[in-house]
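Consider the two complexes below, in which chain A is the common component and chain B and chain C are the respective partners.
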Partner chain A sequence: MDAPASFLKGVLGMIKTKKIGLHTFMAVPAFLLFALFFIYPLIQGIGMSLTDWDGLGRSNFIGLQNFFDFFKDERAITDIKNTLLFALGSAPLLNIIGLIYALLMNGKFKGKGIARVIIYLPAVISPLIMGYIWYLLLQPERGFVFHALELIGKSSWLGNWLGDYTACMVVLVLVNVWQYAGMTMVIYLAGLQSIPEELYESAKIDGASYWSSFRYVTLPMLMPSIRINVVTNIIGSLAVFDIVMALTDGGPGYSTETLSIYIMRMCYGSKTGYSTAVALIMFFIILIPVIISMRLTREKE
Partner chain B sequence: MKRLVAMLLSVILVAGICTGCGNSTNASTAAASNASEVSSKAEGHVNIKLFTGKIETIDLMNEIINDFNASQDRITVEQEYQKDASNIIKIKFASGQVPDIMTTYEQGFVDQGKYLDLSDQTAWWDRLSPEMKVDCTDVKSGKQYRVCTNMTMAGFFYNKAIFSELGLKTATTWDEFEKNLQTIKDKKPSVTPWFIFGKEAWHLGHLIEFIPHGYIKQQLGSIEAKKAMLDNDKAKLNFGAADGAMATFAKNLIELKTKGLINADVLTATSDNCVQEFVTGKAAMLSNGMWVLSSLTDADPKIADTIGFAPYPSYMPNSKPVVLSAEDSGYSISATTEHKAEAIEFLNYLFKAENQKKYSEASKAPSAFKDVQAKWASTNVVSEVNTALKDAVNIGFTNEKPAGFSGDDAGRLVQDLLSGKYTPETFATAYEKAWNDGMK
Partner chain C sequence: MKTILKVSKYFLIVLICAICLIPFYILIILSLNTPQRIFYEGNMFVPDFFLRNYVDAWNKSHIGTAIINSAVITIVALVIILVFGAMAAYTIARFNYKFNQLVFWLFMSCMMIPGIINTVPLYTLMIKLNAINTLWGMGLVCATIAMPSAVFIFTGFVKSLPREIEEAAIIDGCSWFTAFWKITFPLLKPSVAAVIILNGFGIWNNYAQAVFFLQDSKKHNIPQALSVYFQQFAGAHWNLMAATAVIAVIPVIIAFLMFQKNLMKGLTDGALKG
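Here is the complex of A and B:
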């Protein structure tokens, strides 16, 4: 029997024995799109990362040289450090502040709707624009905050934050958290509102305090939301680009440059093969903490 | 039964998607062949794309393009502007979507044969100044792959009123320059002697191109300097030398910073800050090119009559002041265009004297065409520029930078210098290393 006929017979057999269900076939178009826009570019990217292609001329196979060169580049190692530090600061803060916002907004008070909108509004603005706006506010010697502090004789409080690495990273993290805490809040809010009220009533009857209710009722029931937020915030923080470009341009020099910016600059610097290799490395840098956090939150769920 | 229906539905859905894509391809092929049939019927109507990164002349170019399109029915020109044109063009080359005419030009693209040889366009070269033809000549092949219609200059813009009040003359040596800055600081403490907007890496990169590279270009001559940079002739470039042009430039810059002769917020100041400080008299000098004139006159139209322009002073032994006098507004034709004749026809129209006059005045750059008389700037500025060009060695941009080490990258090294990461000597060796790495 020839191959197509065997295949069709096998499929029909699986349908009869209910091994393939309705959902299997309905997922095919989505899988095709996934294959076209993710799997195919990934495979091509892996191929490109093994070459010395400059984006224009011929490419030559150089094996894993790009990956070795990356780990020998001091600037690249600094960029990994900057990216990880940013993520370590931004991702937990986003979750903590988002959760606090959600707990506050879940209460009953006048103007709750407007408060939610105000908190969420920064998330709809382009991060690049947000970075430029914050730069106008925070620019040493010239920004709005400097002039406001000058009026009360405390301009030294702002200082030259761009000249200090720690201050730079703190500003970047805080601006990012300020912009996206609203988005985290929305997901937590949805989770909070799906928790049955009866659980809290039962806890109250059993004499549980607010913190006990939070710990033993709210947090466990919020696990799906926590999982979503932790994963998305890790991915977003490790892939940070716009806010750094707008606020510091990765500077001064390359001191606050992140991996995404490094990839862009390498690509445009006629090192397309190399930049693809770095992008693959970044893919794994993001994948590892995502897998770990998904495993941890799944256990808790 | 349900599952069979589901499978059939999915197959139909997938087939529909594929057919749709195929249909659109077939449709576009059919449309293209229909279009070509129609166009052949309409005497070969073609569409050509002009790709540009120059925002300041986009409206005027659209005007000229619309006039050209209206003047005939065989060719339709469409302008595409991209802010990051020099990088977007790489994507276009890689994807095969190459525009017919482009304003972006790089040595790497010349070496890859991406541009059409324009050496035989004598109608253009005969009208252009001989210096412009030299500037447009590729050092490696001796041919011209672009034609530039304007000149641009860069040097120090200074506040003539402040200079006059303090009895200062423009400096020809670095010592004189530093004395001028010190006098301004002593007599006018609220005025920044030299304002540098160091947040923008390109600006610091330009200082490298004009000052230390300017010395090298002066010493070797324009053509030999280009060759030395293309060949990475370390003996001639000598970037890493502890007493070389790069280290001395770095030493001078650090000294100015230490003495408070440049703005304290050099690493965070932007070009907007610079323009505001200069037009309000809070900054006495700034380094920039003629392209800044529009911003200055927009901020204060009266400033055009009070701006001075001076060359970069000499700072190495046995050297002279330099001023950038370089090609601007260049056009190249893609080597793979199917519409060479039409592209040339459009450029002929664009290069007409009346269009170039308008262009020169809009872009604030003098025309390189001998038969174009344009009022590109105020009489004062034109006079200042002509004096500077006469008194200093004229140098060009460093178009021969390594592909992996751009002007912005050089500027970031200067940011590191100003933030204290390097000494002048380690800056020079870091610059040389970055240049060499960029060559790989």
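Here is the complex of A and C:
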């Protein structure tokens, strides 16, 4: 019974007599915090997903019923579709635009520092506030973007976008890309700056054009940054929450709701067991593209 | 030809910057206009300087309390991340123990898991710990979510520092533990800036977890307070919304301008060498 206590005593004694240095245990505080607030709930969630718990009363074991229910719920299927569509639009766009920004900003020119700060700026603002700001700008009839489009006679481009599913999704993706392109850019810039200048010089001597030196020097050397950006953008896009809450609130109806909003609403709706099941499904939806993209970027490195 | 290329490149950069700044500009003008005025009517460059908006926004929303709450949460979380994260990164980077390898592997695999996945079971844990609607509870949750990426950045950075700097101190009678605090920790400064920029703003702006853990209006952080306030006023009082948003955004912009110089250095020195 006293085994852990005597083990601890032994360890403490060894620290005191300096047989083991304190440095051996320096990862322990971070580990304990993480174990308590991340690993433990994660494992507990697996158990909860097999019950009909409502968050208060007693829970009954119902096997995989929650998972069957999920795939029978039309709203849930729509949410999967929305989450995937959003990620399919937003993750590639973020990477391409972020890379273009980085290539533009990499050279030497006046005002480079200020330009970088300006482009990164939107990324430090709360996506919820950003969503509200764009909500004001994009308001039909009164918003600035509507007005600007009216000036060039194209106000039908925006129309009453809030009532139109496709327009809503496009707006969500574009606002997200607008906000986070700077973050992707900074990672690419860091990658570009770690490429030794000699590689470009020898490519030049070999008569390589801009494109071929980009293809054979820049891209392969940029693989670590590409991996970081692709993976973080996939995760971030699939877990999207704030921007959707601010811009469409999942509407009209539930048509633009995403999985993370669904989880929150199910939990608030006292379907605690069910919402943990949804979270597990979402976990696999994120895991699969992440593993695939890690594999792809590792092979090419 | 070369000048045309150069000019068009400049033009493109200016255009991109403008696209990034225009929403902020419109926000500020909106916040300074009278409620009757429609933004694009008349002169778009001269607002009414109707400062009542700010007074009203400050009084009607709980933005003042929310800023303090967000600041407390962010400071609690950042101190934990910086101290525990750097400590863990140091021993992981310097000593190849089984436990260290396990911890690092755990952090790296969990970096792929967004916080929302375990928020619901975490919610029940937080109730048991009496940590719902507390700033320290929210700070701990935010610190946990940010810990893997902080350990990743710090470990890469410590690995880029030569081991000899600590070994010299150890010859002088330091232990590895004290050598960390005296020698290595102060050298981490650039990566500290990167960790603060990459995680601190996320914590300050956290909404997905705040929805669960900060439901009491006295404990709302900035996004929670704003979403509640905006849902009450949405559509009706644009200038008040804009003024509240400006108040909420100012501290973030000041902090960002303070730290941005160190960001690039921190990233290039550490983040990509894991």
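Heads up, the rule we're going with is that the second predicted complex is superposed on the first by the 256 of 301 C-alpha atoms of A that agree within 3 Å, B and C clash if a C-alpha of one lies under 4 Å from a C-alpha of the other, contacts with A are read in each partner's own complex, and residues count from 1 in each chain.
The definition used in the following text is that contacts are C-beta pairs under 8 Å (C-beta built on N, C-alpha and C of every residue); 3 or more make two chains touch, one makes a residue touch a chain.
Because the structure is a prediction, the values reported are computed rather than measured.
Look at A:129: by the touch rule set out above, it reaches chain C but stays clear of chain B. Once the two complexes are laid over each other on the shared chain, residue contacts for A:54 go to chain B alone; chain C is not touched.
When the two complexes are overlaid, the chain among chain B and chain C that reaches more residues of chain A is C.
In the superposition on chain A, contact of A:34 is made with chain C only, not with chain B.
In the superposition on chain A, no contact is made by A:211 with either chain B or chain C. By the touch criterion stated above, A:269 is placed in contact with chain B alone, chain C being left untouched. When the two complexes are overlaid on their common chain A, residue A:163 makes contact with chain B while staying clear of chain C. Contact with neither chain B nor chain C is seen for A:284 once the two complexes are overlaid on the shared chain. In the superposition on chain A, A:252 makes contact with chain B only, while chain C stays out of contact range. In the three-chain superposition model, chain A touches both chain B and chain C at residues 18, 21-22, 25-26, 29, 55, 142, 272. Interface residues of chain A, counted against chain C in their complex, comprise 18, 21-27, 29-31, 33-34, 36-42, 44-45, 48, 55, 101, 104-105, 107, 109, 115-130, 132-134, 136-137, 142, 144, 147-148, 178, 182, 186-187, 189-191, 193-194, 224-225, 228, 231, 235-236, 238-239, 241-242, 245-246, 260, 263-264, 267, 272, 275-276, 279-280, 282-283, 286-287, 290. Listing the residues of chain A that touch chain B in their complex gives 11-12, 15, 18, 20-22, 25-26, 28-29, 32, 54-57, 139-142, 160, 162-163, 249-255, 265, 268-272.
Listed in rising order, the residues of chain B touching chain A in the complex are 2-4, 6-7, 9-11, 13-14, 17, 87, 90-91, 93-94, 108-109, 112, 114, 198-199, 201, 264-265, 267-270, 273, 403-406, 409, 412-413, 415-416, 418-419, 421, 438. Chain C meets chain A in the complex at residues 9-10, 12-13, 16-17, 19-21, 23-24, 26-27, 30, 38-40, 80, 83-85, 87-88, 90-92, 94-95, 97, 99-100, 103, 106-107, 110, 112-125, 140-141, 143-145, 147-148, 151, 175-177, 180, 197, 201, 204-205, 207-208, 211-212, 222-223, 226-227, 230, 238, 241-242, 245, 248-249, 252-253, 255-257, 260, 263-264, 267-268, 271-272.
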